[in-house]
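Next, two complexes with subunit A in common: one pairs it with subunit B, the other with subunit C.
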Partner chain A sequence: MKTEPHRPAALPYASDPERPVPDVRRKGDAPLRRYRFEFMMMLPALLLLAAISLFPFVYLIWMSLNTVSLAGGLGFTFVGLDNWLQLFSDPQVGQSWKISLIYFACTVGTELVLGIVVALALHALHFGRHLVLSLVLMPIFIAPSIAGLLGYFLVDPVYGFYGWVLRTLGIFSGNLLGTASSAMPTLILIDVWQWTPLIILIVSAGLASLPEDVMEAAKIDGATYFQRLFRIVLPLLAPIILIALLIRSMDAIRFFDAIALTTNGGPADTTKVVAIRLYETAFRFFHLGYAAAIGLTMLIFTIVIAKVFLRALSGRELTN
Partner chain B sequence: MQPLRFLKTAILLLFVLVFVVWTLFPIAWMVLSSFKPNNALFAFPPKFIFTPTGDHYAGLFTGSSNFAGYIQNSVIAAVSSTVISIILGTAAGYGLARSHFRGKADLSFWIISTRMAPIAAVILPLYLFYSKLHLLNTLLGLVIAYLTFSLPFAIWLMNAFFVDLPIALEEAAKVDGASKWQSFVHIVLPLSAPGVVTTAILCFIFAWNDYAFATTFGGPGSQTIPIAAAQLMTQSGIDWGKLMAIGTVTVLPMIFFGMAVRRWLVRGLTLGAVK
Partner chain C sequence: MNKHPNRRDFLRLTGASLAGAALYGTFGARRAWADQLGDDKVWKQCSGVTLNFISENTPPSSAIAANLQPFQDLTGIKLNLTQLQLGDVTQKVALDIGSQQGFWHVIYADPYQILAPYYQGLMDLNEFVHDNTLPQVPKGVDDFIPTQLDADGRFLDKKALYTLPYDCPTLIWIYRKDLFEKYQAKMQQALGFDPTPSGERTWEQYYQIADWFNKNAKSDVPFGTGHQARQYDSLMADYTSVLLAYGGDYFNNGQELGLYGTKTPGKCLVTSPEAIEATKFYKKLIAIAHPGSTSWDWDGVAKAFEAGQIAMMPEWHEYAAEFEHSNLKGKVGYSILPRGPKRSANLYGGTGNGINKFAKEKERRAAWLFLVWSTSPAAQLEDLKSKVGGGTPTRQSVYDLPEARAAMEQDSDMPNLLAAKYALEAWKPENIGLRPKISTWNECDTVIFTEVSKMLTAGQSPENTCTAMQRQIDKINKAG
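== the complex of A and B ==
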């Protein structure tokens, strides 16, 4: 028998066989008439959303086909696909994508593994589980910019607490964020510090919804903890872990506050993720058209992830 | 068997303890540092016992720094964008939850993809619009920028809350002669109050925490708290005491708000995907 430990909430995308859509549509009863009230409710938000998202999106595409100048008033010079051709042969942008993907893989990977391990540990606690969970959630609410500044303060070679600890232990006495080899790992740790709690939160919710009877049966049958973990718990948690992974992925690409405020891409471009590269291209060198092309590639990347996310929610084909 | 079990529990507790300390120490250190006199702030080995001072906080509001203005800007921008998102998002989320039409999946996808769009990609066209429409350096510009992520978030999350509400109540109201609007206002809204509050708080936190939009579109007329923090950063010789005070003021209210909706956080932060 198949058990469903966690069913994603019914979203507009999700088709839920247990909650049939009350579709009593008669012939000729068009949705527009039937749902007139509902459409009117949606209209203001959708109009506003279209104005602030669809319009800029089209504009962004148009920007990427032009050389945009700001000096002496806004000026567009159509250059066709020049920006795009340049983009695909630009080693610096390629390097930034590489850095972004490394950052992405290391942060999300570490957060996922650590988050699952901590969630399992918390689940095994017999007391104080909820208190501990509430406590470790705190970093989620911190502005990423402040998290970056706080990390900067803590690892400062002269004033920082972590800097002092590393110095005293004789491990490292330099500037962690100012050294090419350690800047990226430090930024990754700041991200891991802030966002592992989100994974813990999500996985804990999944663990709480595991079917008790299955767990009991496995225990009675003599399965060891790790057998139960790898044969039952993790497979049952797969859909929820996927959701955690995707949520984290989307935000990992979105944010750049912490990096902008600490290393701003340095030292020697070792932390210049795509978002920082775009920002610099646009607002330091004022190559706005070229920056638009970079922005569109980021957008495409995000949309692919969003597609996977919705598929994970709606169909359970990924888990079956 | 018994000692082994004890050992396992001890290792488990130690692991959890280490993780809790690693997670909470930076926050505690920030708050502690914001109350330290300068000589204790930079003393090594670090001091945990000291005479607390409010100097760093006082310094934020006196002299050349106008921190009150930054707070005001942050509050206005975050509250306005939240209120607009909640009103429009609640209505649209309800409409979406209770209607069925072809293309609904595509519409939903468009809404969610707007929420996920990289800030860096949105910033470019908005920057050009704003420079044309003289919206740079205005709070209105910031509010519009925040709506680009909080409005789709509100629509999507409210929709998730409404979909879970049993439709039977509304059907009963209809039988009793209530209009759709009446049943929305008198039955649906009161029942979804937790959803509304959770969505509002998360919208507020996202806007409050923004740095990217504020630094790009901001000027003296619209600087928010994270900008104040960043400005202290770029000066030669960082005033860490003040910076930690700003950090504390920025962070603690958000932690408080977040904890207030602790029960619904999983839903909110997963865009309704996990209950």
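== the complex of A and C ==
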């Protein structure tokens, strides 16, 4: 039976500083051989990871280089970079990216500002804070598809409460989800309603962990509320806010459920975000190779966004 | 000795009687089906097989799901019925045919979204029709309404038969009979024609009636007309009925393409003067329709009608059952759609059921048994009476039954037949509206409803709408 590499410190003679420690590793041993036991322990997890993540990823890349046909059985025809070239010259996909970026910027931006403001207001509450926080957090416990349906019915021009309120006040008598100019703002508001509480939750956790002594010292030194907010609180909260932004950004760019259920990209394609375009290309037109290319660009975008936030986060930690 | 039966004896007798009655009922019902459909042994040949049937969530499938026991008793086959939205059905069928797994044995094969692109994955049913060891289609396939048999069941080869017609929703004119009766005289005086809906009315008159309701009957109904004009299949259907009525079409020889399909549709013709005229009219019409129209599909507009928001609409005729079970019972009237300069074009939305070519042989035979049973006159009559909605028959013989004839004229337990009288008129070759049966239809359909939606909600002109449709459809079909 082969013995595993020893940890010298565990041996009795290791306590003698004069005695040379024998190096049980041989020169030229591959890391795999040296850590064979550890590797064997990790192997099931690695295989599982490969099966559920790496294999589909590689398969997706392969699909993006092929025309995939379903009629008459699954068939692959290698087309090289054709799908990718088509992707970068397709004005409809370009338009969907533009809509996605608008949706991304508006939802994440609004949620961030509102989330911080509400979290600060809640933090200032002395009574009933937990009750109010519980009520405020409720929307994030609703499935996105249900939130979409709820929004759809609330703004319906026949039955919808908000539709009725706007009509009664003489503000808007049209169809919020059926008019090109109002469909996207309505969807943004549905998203803001559902996901601002997530920012509130994260920022509230950050506020609860702020050092009391620093805050008290600032008060004693005569700092006003806004001075404390902008010079102490927000800088201390920055890493947490960045994490909240990272989570919401990754979600927002892939968001699908509520849009699919409410407008499905309409009217006039004004809400056809790239996730809806991807679904349509894959499962309505069955251009699976082209859809794979669109999906991979979404993945790349998400990775880039994550990298940007993580870099900002690590830069801030270094500064601190 | 007690001469009277005690409580226990009574319960025993009652239990035995009920069990006997149930057995007799089951056996009797099975015999009734077998008598109508043929030899009992022939129906038992696939006993023990489990079938998977995938269908759109339509009224006939709901009716079948609620009444599967007779089929299981007759054949010994277990049927798993999965009902989904049509897009999801298409997706699952495409992946199943692509993988050649044959998981879905019976397929609800929409002629445009499933049959045209995936006909190679469906059996030619003639193989079963000519097999003497299998039950035959009662009254033969010629009993199916001819336009439906061709539109649902055939693709390219006029002899091959891929599906048996299963449901047949068709766009007709549905209106508030009570309101039309109330305002008939006033409207006639103001508009100068009899406003009562019929095939004699024109689309222009439909517009005038809607406009009159908007201006003169607000206390009874907020808007004259409502439409299924959401950026979705429903918008294509609503718009296409007007397009065809005006003499426009997507491709040359449109009716032939609608019945038998093609792989090479040729150049798109949607920029013809007739098509542009129709598109201009459609924009004008939706401008005075209920503002909710641009976010409603067929369900949405039906709900608005039920809620008293609109006086009339083009809608699938199978919604009649829903209306006749609502607070509008007895207040709804039906007619074929108005005429355009060319004709009345009532868009057909029916579908047939087919058999997966990649299923095992015994499963394919079992699937045929289900097809014959589910489209038999007896099953279609049962569907009509179903409490869960039911469809309308695809067979002429059912409409010829005396009880069906009577139900077309008066309230009965088969409310869909009130609208079916007009659907029968709509299915005549001169009135039926057919979209092109081509393998690229899903993409063309998306182009149509997207561009028309841009016209309705984003100010795109009718001319630019037609040009954009033509350019993109030609690109899809490589016919530029």
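In the analysis below, the second predicted complex is superposed on the first by the 259 of 320 C-alpha atoms of A that agree within 3 Å, B and C clash if a C-alpha of one lies under 4 Å from a C-alpha of the other, contacts with A are read in each partner's own complex, and residues count from 1 in each chain.
Please note the rule applied: contacts are C-beta pairs under 8 Å (C-beta built on N, C-alpha and C of every residue); 3 or more make two chains touch, one makes a residue touch a chain.
Keep in mind that this is a model prediction, so the values were computed, not measured.
S.K.: Please indicate which partner A:Pro267 is in contact with in the superposed arrangement: first for subunit B, second for subunit C, both, or neither.
M.R.: A:Pro267 sits against subunit C, while subunit B stays out of touch.
S.K.: According to the stated criteria, A:Leu74 is in contact with first (subunit B), second (subunit C), both, or neither; which is it?
M.R.: After superposing on A, A:Leu74 lies in contact with both subunit B and subunit C.
S.K.: Check the residue A:Arg284 against both partner chains and state whether it touches subunit B (first), subunit C (second), both, or neither.
M.R.: second
S.K.: Mind working out whether A:Trp193 is in touch with subunit B, subunit C, both or neither, as first, second, both or neither?
M.R.: After superposition on chain A, A:Trp193 lies in contact with subunit B alone.
S.K.: When the two structures are overlaid on chain A, which partner does A:Tyr159 contact: first (subunit B), second (subunit C), both, or neither?
M.R.: both
S.K.: Contact-wise, after the overlay, does A:Met184 reach subunit B, subunit C, both or neither (first, second, both, neither)?
M.R.: neither
S.K.: Could you let me know whether more residues of subunit A are touched by subunit B or by subunit C?
M.R.: B
S.K.: Looking at the overlay, what does A:Gly174 touch: subunit B (first), subunit C (second), both, or neither?
M.R.: In the superposed model, A:Gly174 contacts subunit C only, not subunit B.
S.K.: Between subunit B (first) and subunit C (second), which, if any, makes contact with A:Leu237: first, second, both or neither?
M.R.: After superposition on chain A, A:Leu237 lies in contact with neither partner.
S.K.: Per the definitions at the top, what is the overlap between the subunit A residues touching subunit B and those touching subunit C?
M.R.: The overlap between the subunit B and subunit C interfaces on subunit A comprises residues 70, 74, 158-159, 283.
S.K.: In the complex, go through subunit B and note every residue touching subunit A.
M.R.: My answer: residues 12-13, 15-16, 19-20, 22-24, 26-27, 29-30, 33, 41-42, 44-46, 88-89, 91-92, 94-102, 104-105, 107-109, 111-114, 116-129, 131-132, 144, 147-148, 151-152, 155-156, 159-160, 163-164, 167, 180-181, 184, 205, 208-212, 215-216, 226, 229-230, 233, 240, 243-244, 246-247, 250-251, 254-255, 257-259, 262, 265-267, 269-275.
S.K.: Of all residues in subunit C, which touch subunit A in the complex?
M.R.: Touching subunit A from subunit C are residues 87, 90-91, 94-95, 97-100, 117-118, 120-121, 229-232, 290-296, 303-304, 307, 309, 439, 442-443, 446, 449-450, 453-454, 456-460.
S.K.: For the complex, which residues does subunit A have touching subunit B?
M.R.: Checking each residue of subunit A against subunit B gives 6, 8-13, 21-23, 31, 35, 37-42, 44-46, 48-49, 52-53, 55-57, 59-60, 63, 68, 70, 74, 118, 121-122, 124-125, 132, 134-146, 149-154, 158-159, 161, 164, 168, 193, 196-198, 201-202, 205-206, 209, 240, 243-244, 247, 250, 253-257, 260-261, 274-275, 278-279, 282-283, 288, 291-292, 294-296, 298-299, 302-303, 305-307, 309-310, 313.
S.K.: Please name which positions on subunit A make contact with subunit C in the complex.
M.R.: Those residues of subunit A that touch subunit C are 69-74, 156-159, 173-175, 177-180, 263-270, 280, 283-286.
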